[in-house]
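Pasting in a structure now, in structure tokens, and then I'll have a few things to ask.
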Amino acid sequence: MYSKFTNLIDLNDMPVNWWNEVLELGLKIAGNPQAYSDECRGKIMATLFYEPSTRTQMSFQAAMLRLGGTIIGFDNPETSSVAKGECLKDTAKVVSSYADILVMRHNYEGSAKAAALTADCPIINAGDGGHLHPTQTLTDMLTLLKVKGRTGNLTIGLCGDLKNGRTVHSLCKALSCFKNNKFILISTKELSLPGYVKDIITANGCRYEEVINLEDAIGGLDMIYMTRIQKERFESEDVYLRQKNIFCLDKDKLNKAKDDLCILHPLPRVDEIAYDVDGDPRAMYFKQAEYGVYVRMALIIHMLKNQKPTKLLLGLDNNGIKCENPRCITKLEKYLPGSFRMNGGIPECEYCDERLK
Amino acid sequence: MYSKFTNLIDLNDMPVNWWNEVLELGLKIAGNPQAYSDECRGKIMATLFYEPSTRTQMSFQAAMLRLGGTIIGFDNPETSSVAKGECLKDTAKVVSSYADILVMRHNYEGSAKAAALTADCPIINAGDGGHLHPTQTLTDMLTLLKVKGRTGNLTIGLCGDLKNGRTVHSLCKALSCFKNNKFILISTKELSLPGYVKDIITANGCRYEEVINLEDAIGGLDMIYMTRIQKERFESEDVYLRQKNIFCLDKDKLNKAKDDLCILHPLPRVDEIAYDVDGDPRAMYFKQAEYGVYVRMALIIHMLKNQKPTKLLLGLDNNGIKCENPRCITKLEKYLPGSFRMNGGIPECEYCDERLK
Amino acid sequence: MYSKFTNLIDLNDMPVNWWNEVLELGLKIAGNPQAYSDECRGKIMATLFYEPSTRTQMSFQAAMLRLGGTIIGFDNPETSSVAKGECLKDTAKVVSSYADILVMRHNYEGSAKAAALTADCPIINAGDGGHLHPTQTLTDMLTLLKVKGRTGNLTIGLCGDLKNGRTVHSLCKALSCFKNNKFILISTKELSLPGYVKDIITANGCRYEEVINLEDAIGGLDMIYMTRIQKERFESEDVYLRQKNIFCLDKDKLNKAKDDLCILHPLPRVDEIAYDVDGDPRAMYFKQAEYGVYVRMALIIHMLKNQKPTKLLLGLDNNGIKCENPRCITKLEKYLPGSFRMNGGIPECEYCDERLK
């Protein structure tokens, strides 16, 4: 099944060439945002947030407004037609007739792809459950380009919950496409990076190393990507309290780091970065939030200008098999056609990328 | 009591001539929306949604933004001053000093008229309980004009819950004003069109026929208006399950319809139109949602340009009698003056149009 | 600690000269709002409402839109990142990188000052708990200027709950800065104006008088400022019902007032002004709401144009003492540095202005 549009569902659907175009435009915008203040005059962006995320929603809204465009949308499914039981395909169809571009956040995996099946304008995935969040990865890359001047030749630390963090998975997949990057994966064994992401790193020709201690690893890093560890991920409160400090970045640990370390965090943080780090010139996580607006401005411009039909689903239903992932959008929206691609002989759901067992 | 403005409370307050002006402008806009992109530059529309309705609110917002105007408002009374117990008259008075035009949705009948008593700018009724929803009817008429080229000489099917559906009542009242329309009313006996609406159809010189089966009726129709039937309207789940398919439009029934049937639905649908109908070229319900934006653009332009004082209430309090309708706005906002018009010797509430028993 | 910006946290941080500049600009705007419709083109205002206040939020939004600017923000902390436990300093830091000016409402006292510590753009306090609400006071003063032509030489009645009403406290502090004002404080003994506000009135060279009856006092007033009395403030429902009428302004009491009395109310009102007063030409409370937009337009223009670093905290932590006010923002945001100024030998919290006991 095709879409009439080029959507941003998964960064890895796009060639690296496309990333570079967006990032280069992002850099230009970051240098002179005012120059783009009429770029989207007369255009409407709809932000459909089935799951609240003020930060991401405001970042997109600010981006569109900085381009001279306007915004509609909702941030709370309980005050939307959703409460009347409308299916995703109808909402996508209708709202896409009101707007020129849709930004969607949803708690089910594969929801943005599902919406793209009927939408009459391009869609940007602003997070579909624990699955993908491509504009965060673009943000991370633009920040690296601004701060380090490159996205390759880096020793990249990733610290915290590497198992459940979609931003970490996306970033690994993206940065392993650039030459000579090395990944230092810092987490407990229980929260280590999934095997399939490690396979991608290796397949892309990069190396990785797994360590269990931030303090020991920090000295060799060009960049450290901190993420939140949720208390509930640990076997007990006790284990959590014993371990959390090991994965918390504070002034002491920072003393052992390089002078040009770049500290990133997708935000919001809780306590995995101590407040006394905020004033350090290497703390780039607030700048990162600002660059998130510039890269979204670039993305919106690029998507509104460069449109052609794309393939969304291969359309193989594999004899009526069903995706088994309970968080897959096909579980919620029953009318969606099952669709699988073969990966090493095993069918993989084209919405949520989960493999059948 | 007078309003300083021409408000859109009830479509039937307006002469057919006024409808035609709005619809003609709507057609022009549908042909070239960009040409109107500065029409409301500098104007603010406030959307006061005491009852959430994302679709309607976003349609109005998109309309105002497409005209170069801007929007404020709320969609959730719980996060509004309403929670502090402010009366409708004060909210209408204050917000109308912030905005140039108000759009109001409320769960009580007659609320838009009540707000118009104090508002300092024109008001559009975007739905007052189960009572009126004039912009939906304008949307339906614009869609007919676009698709069929006419609003008269039509055999019009209406299917589903004809008893409780305000959009159906409004549409019957409106379309019976055009020559040579015939209404085919398709519903269970329990959910049939109220007598007073049938009286209006007849009084306007049109004919109607009541049938209990969509399949038998569909072959003769130029247009079919599908509406949702709520499970709770049936005497039991059992009866509902046995009957619902009779009033569901699917591919099979559609095979018996004319080639130029126009299928409409005010949306959101649940399961009264099967998904496999969506791809049929006769399915116009998503186009209808798009035309809803154009007709609202026309309405906003027309109302901001054509303003004169209008009469809101005759002001007869009929010796202190009270409206008996528990959903009438006068039950909620106790300060409102009772006001009745005489209809066949019986007083009729001028807010909710309910007759005294 | 310094802010890079001139924020509006407390009206009394600003010289009277600054007030006059804003008010004069407000008068000009009130005379010809259209002339300012491009003043903030390209600028974004973020409204961060941790506590819902539709009226205030819409007033700010209308002001920014009337200036050609745009708006982002939230009105419900439950649908914001706050729900994920983000601290105020991070939210202020991030959102200020999206916007050009922040407007903040919060239920804790001193919250706007706390946010200003990290924000990268100027902040306007739109109400911090029961503490301050400077733009309401600017609104009250602009209304007086428009209606009476002056802010001095007035006999000013204040009626209702004078103990808990932050708008009353702010107004007394502000109007006592102008020559020859006399304050008539009309309330029960239990709800009388706090001693420290009376001290300020006297220190500024004005007089005040305390009375317990609106009817007796109204004849001598140039202006009456009505406020809501909450039932819960009385020792029993019985006492409330007996007393509430004494502090309710109705047609009868108004008959004893001067012809040029100016009746104000910060709104929303409940029943402290009878509805039959609304039509009286002396009722200025709805006009006041309109002037609130003009004065906010003036404020936004003034703040975006006149920026220089200001001192936020003296930074004395007085040997680790803590503010004892349970509604102080330092109780909620534990990372905030304690900071006190000495006032008559007693430390006073620089966030919430509460003195240590």
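Residue numbering begins at 1 within each chain, and the chains themselves are lettered A, B and C in the order written.
Keep in mind that, in the parts below, a residue touches a chain if its C-beta (ideal position, glycine included) is under 8 Å from a C-beta of that chain, and two chains touch if they have at least 3 such contacts.
Because the structure is a prediction, the values reported are computed rather than measured.
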Counting one step for each move to a touching chain, how far apart are chain B and chain C? 1
With over half of the numbers shared counting as same, classify the chain A/chain C interface as same or different. different
Could you please state the distance in Å, as a whole number, between where the Cα atoms of chain A are centred and where those of chain C are centred? 41
Spell out, as numbers or ranges, the residues of chain B touching 2 or more other chains. 70, 76
Residue numbers on chain A that touch chain B, as the complex places them: 42, 44, 46, 70, 72-74, 76, 78-86, 89-91, 93-95, 97-99, 335
Which of the residues in chain C end up touching chain B in this complex? 34, 37, 52-55, 58-59, 61-62, 65-66, 70, 75-76, 267-270, 275, 286, 289-290, 293
